Amino acid sequence: MPVVVTRIDRVEEAVVAGFQDFGVATVHEAQGRKGLMASYMRPIYRPVQIAGPAVTCEVAPGDNWTIHVAVEQCQPGDVLVVTPTSPCEDGFFGDLLATSLKARGVRGLIINGGVRDIATLTEMQFPVWSRAVYARGCVRETVGNVNVPIVCADALVNPGDLIVADDDGVVVVPQPDAKNVLEKTQAREALEERKRLRFEAGELGLDMYDMRERLKEKGVRYIESLKDA
Amino acid sequence: MPVVVTRIDRVEEAVVAGFQDFGVATVHEAQGRKGLMASYMRPIYRPVQIAGPAVTCEVAPGDNWTIHVAVEQCQPGDVLVVTPTSPCEDGFFGDLLATSLKARGVRGLIINGGVRDIATLTEMQFPVWSRAVYARGCVRETVGNVNVPIVCADALVNPGDLIVADDDGVVVVPQPDAKNVLEKTQAREALEERKRLRFEAGELGLDMYDMRERLKEKGVRYIESLKDA
Amino acid sequence: MPVVVTRIDRVEEAVVAGFQDFGVATVHEAQGRKGLMASYMRPIYRPVQIAGPAVTCEVAPGDNWTIHVAVEQCQPGDVLVVTPTSPCEDGFFGDLLATSLKARGVRGLIINGGVRDIATLTEMQFPVWSRAVYARGCVRETVGNVNVPIVCADALVNPGDLIVADDDGVVVVPQPDAKNVLEKTQAREALEERKRLRFEAGELGLDMYDMRERLKEKGVRYIESLKDA
Amino acid sequence: MPVVVTRIDRVEEAVVAGFQDFGVATVHEAQGRKGLMASYMRPIYRPVQIAGPAVTCEVAPGDNWTIHVAVEQCQPGDVLVVTPTSPCEDGFFGDLLATSLKARGVRGLIINGGVRDIATLTEMQFPVWSRAVYARGCVRETVGNVNVPIVCADALVNPGDLIVADDDGVVVVPQPDAKNVLEKTQAREALEERKRLRFEAGELGLDMYDMRERLKEKGVRYIESLKDA
Amino acid sequence: MPVVVTRIDRVEEAVVAGFQDFGVATVHEAQGRKGLMASYMRPIYRPVQIAGPAVTCEVAPGDNWTIHVAVEQCQPGDVLVVTPTSPCEDGFFGDLLATSLKARGVRGLIINGGVRDIATLTEMQFPVWSRAVYARGCVRETVGNVNVPIVCADALVNPGDLIVADDDGVVVVPQPDAKNVLEKTQAREALEERKRLRFEAGELGLDMYDMRERLKEKGVRYIESLKDA
Amino acid sequence: MPVVVTRIDRVEEAVVAGFQDFGVATVHEAQGRKGLMASYMRPIYRPVQIAGPAVTCEVAPGDNWTIHVAVEQCQPGDVLVVTPTSPCEDGFFGDLLATSLKARGVRGLIINGGVRDIATLTEMQFPVWSRAVYARGCVRETVGNVNVPIVCADALVNPGDLIVADDDGVVVVPQPDAKNVLEKTQAREALEERKRLRFEAGELGLDMYDMRERLKEKGVRYIESLKDA
């Protein structure tokens, strides 16, 4: 029997706000290279960046009834994360549902399925990351779960977890780790900024990362021509 | 032996004109969720929308000779629909053929294969929906059929059928149904506009569609925590 | 044992410069339809066009150490071409490496794998053609070869070969053939320009290419209706 | 509203019987290289061959209710052809439905989706060609059409059309053409048998098909080494 | 830093033994259609069936070092479950590792990557379900985690969970649910057996499941010809 | 203009014979993990193993004329390697061409495209590795090259190179390296045999490869529960 969980532990907004300036790649690195969704999850327009706590939603293939149920569970600042129980590219979501989510202050949609009305969604500037763009309509016959743990595009998402999404894709930060990951992300960003300046000045990664000695140990040979190999 | 059918029953222009304002998702819904091409058929630039009667063209894989034959059968306002007889992403179509089609007043190309010169096509604003972008050139050795029924990207297309294409993909409306589908599309669009206003005002789909009672019948349980499940 | 070849025969810059105005489709045709990379190699932004000699780089899946080694071998005007030894979409390359390449005057990156930080790369206008966009980070444990012949996305690339890349994809011109292919490309472009004018004026390919007689020989029949077939 | 068409024009059994000895490749050639399903349609065991008239069935993704409706429309000797309205690999069919079909004398199943219980189906020797093997179960909430024309895996199938399927895949012969295609298939098979004997005796295709002169016309050059090119 | 968890709560062998007779489809149904791995996970030979508690193993792409670490954590009756941290089809596993696992009494391998030496593995009758068959060798430079929760081919696997795998694919039963799911599986199997007999006797699903009335409610129309629609 | 190279340097038969007992994985390792074809190249039946020098053949998509030209260039013991100039799964090859190749003593076919008549090919025991099984027929209009270097399924193949193929896939050994690679393969096989005995006796890879110290250096921690992490 399907359940709708009405209380979830959301990442607190102060922490979410801290992530608004950071990209998916940096966050993914900062939390130890975990939680990344599959490369097929692409934004419908670019550039774009959002961060917010996840409301999770499981739908049956070709059936978007549960999304309507999930909308009611969304609060301002949330990100709705939807996955079908088996791979399906149908257009589970379009401009009407986007209007509804926007009215509730939802920041965007992550859907391991199809989306439609993307011209309107782009005009509305309602961000969506999806597996496909596909106009195929859905029925409303089977109800799935809302706010249960789901596997979405290779990533485990617990309700309330932090979602960060941008041009590079989507990453999930577990709610209990979010504050700690924010600090690591800030530290990493600062470090990367320093490296960027050195790279701009022409310094090589080989020198910046002290790689030359280790390359020798690996037996790398510098030769003028393959004939010397 | 290949045939070129020279007389086809085109959707009449007055009806076509009625479709210029409508999106693929709406038309697809209005005609009972039929006739949609596969999700891999994507436009080379966005936003874009066209509508027009289909001239159909079957090519051999890696061979675009038949497209030249089909061009002559095109009239102003037509949409050329091309499919290879087996899956092939070669660049069957580029800026020269686009120039030729544009000179004849053709509105766009739907091709279940590859397209090339997309920078120029974008500058020319000649719309193309394709399976791939690929510069691979074609030979001209084998002739296929023009204006016979074809299966293109999961959809049956009869010559003269209405093609509607936009950012969401491509839908086919059978020529005999076009007028009727237009009326249904207009009705649906009006209905959706009314729903949009209600969603904007914060009404939930759960209430708008009277779903709450039916959810109970389905046994959906609202709980505060999974531990209560 | 990995090798780094430090001397390669680059296509000379005078020849490279000649290619700056030409598209991939034209160059591919001019050299006899060879050397095209697979259709999945797509630019991260459009429109874009580059030409330059290849520095080649083989990486292990999930490991971008060798790219740092390859950067040092790049000269102003070069194009870095990277392929993993087995299919892998990891984000081998991001904004730091792009900053480093840009500081050396490198014109762009071709990578048969994933790329990340594409919002920043787009802002920097550093062109990348890749198999995927994916934030997944890489380790630096295994060194591969630099400036050895590689197979990248269906194409053989020898170090120093000319790379031409644009909205349509990527083509490789062998270094010894580059000058000759440039002449053929220029001739072809001129020819295409003349054809374009004729197409614009409404001339049909059927007439321009004298196809009508050959169509008859192939047995093509023009009929008014399929019932006549 | 879904319809079930109860009267269909089946290919007559005498004609069907004639096809029992022929392979898909031969039939496909004999009818002018039409009607072939996509290469992803594979049999669950080999070797296998069937022929019979099609009962067609459209299902919603993730929903196999309509298959139960279709079973009743099947007669001994039929082949059930099922396609979801959008791509879906769910396990629409398993050993219970196979038992039911077998009890009615149905010869096999063609399904543009998933199948399960294949160990049991193999033991039962009930032949299935499918897009996937996948244990995922289905709901029974949405009814589709039975015995209407469908597009299944790139091929148009009208109810009553002849299906021939073997280790190579699946081909559809339109019911009105079946007798004529049978004659052509028999003629082709006889011709191929003669060719086979000549090939076995060492004769080359170059000579059997008189290709040598035409190769010269195409400009083919025989050289001892690429250096002579 | 990678961790190896040395104590895990395995499904008890008495329960595991109960699953030895049941197929993946039945178990998947019995536990509410959860826990199924993706359809691309296929056995290297058929027929085959195993059940056992999972030892989980995360590897870096192209790197099988961690599998050696995991072997030591395996006990007789276990099933080793391996996933790379990003999609990779390299041959992480071959006959030597299979010999090692077999010596420890391990029942089989589930790997979301490639496998090699499948001729030998088939002779040894060591069962493997994999994403690909690929001879590509791996390095041993990066260590991943052993016996941590992983997402493998769409399914969440906790160490100690029950794995059931057969010709249809792979399903995961959470360790705490295993006993309960076994009872449901046994009940379901008994029920299916009864249905099978009724289907064999010619009873229709339409009658067995009392579908006729509900079909009428859905508006399904039985007509003799599409012209009546 | 297409060329047919009539003299190629074949790997000598004595060396080829040495490879008849070795698998693809072992040969691939022995030559430094190069030359492996893509994982989608699968044999039509199993078990199977062949080795022999390559005759190379480039075909146009959907056109198998060049295969007839290539047959004449084959000698007893050869392996024919065919690739289309762009991806194409058409059935370029069937039982007639197999009969012709068998009559010439050719050992098998490697084709980066489709094959048909696989039931007959299996009966004949004529080995084929292909990208697809597909009955789609081909035309004979465009001639490609025979015995020129080709890129086939990610691997560079020069005419005369050694092809080794088995249940795991296909590997290419450059003709000049073949003798040396044979020695390394024999050495590796002997080494693997010794390891196999140790694994059978229960020795762990961790000990056999002295990994424990290095794992410590990598910071791997053995813990009883994730709570200790």
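Residue numbering begins at 1 within each chain, and the chains themselves are lettered A, B, C, D, E and F in the order written.
Operating definition for what follows: a contact is a pair of C-beta atoms (placed from the backbone, for glycine too) under 8 Å apart; a residue touches a chain by one contact, two chains touch by 3 or more.
The structure presented is a predicted model; accordingly, all values stated were derived computationally and were not measured.
Colleague: Give me the set of chains touching subunit B intersected with the set touching subunit D.
Modeller: A, F
Colleague: Go through A-D and D-E and name the pair with more C-beta contacts between its chains.
Modeller: Comparing A-D with D-E, the pair joined by more C-beta contacts is D-E.
Colleague: Compute the distance, rounded to whole Å, between the mean C-alpha positions of subunit D and subunit F.
Modeller: Computed value for the inter-centroid distance: 30 Å.
Colleague: Could you tell me the distance, in whole angstrom, between the mean C-alpha positions of subunit C and subunit E?
Modeller: 42
Colleague: So which stretches of subunit B touch two or more other chains?
Modeller: 33, 36, 85-87, 89, 134, 136
Colleague: Taking the touch definition from the header, please name the shape of the chain graph: line, ring, star, complete or other.
Modeller: other
Colleague: If we use the touch criterion from the header, which chain pairs count as touching?
Modeller: A-B, A-C, A-D, A-E, B-C, B-D, B-F, C-E, C-F, D-E, D-F, E-F
Colleague: Spell out the part of subunit A that touches subunit B in their complex, as residue ranges.
Modeller: 1-7, 65, 68-69, 71-72, 89, 91, 94-97, 99-100, 102-104, 114, 116-120, 122, 132-137, 140, 143, 148
Colleague: Give the list of subunit B residues in touch with subunit A in this complex.
Modeller: Against subunit A, subunit B makes touches at 23-25, 28-29, 33, 36, 39, 42, 46-47, 49, 166-169, 171, 192, 195-196, 199-206, 209, 211, 215, 218-226, 229.
Colleague: Residue numbers of subunit F touching subunit B in their complex, please.
Modeller: 60-63, 85-90, 134, 136, 139, 141-142
Colleague: For subunit F, which residues are in contact with subunit C within the complex?
Modeller: Touching subunit C from subunit F are residues 33, 36, 38, 85-87, 149, 151, 154-156.
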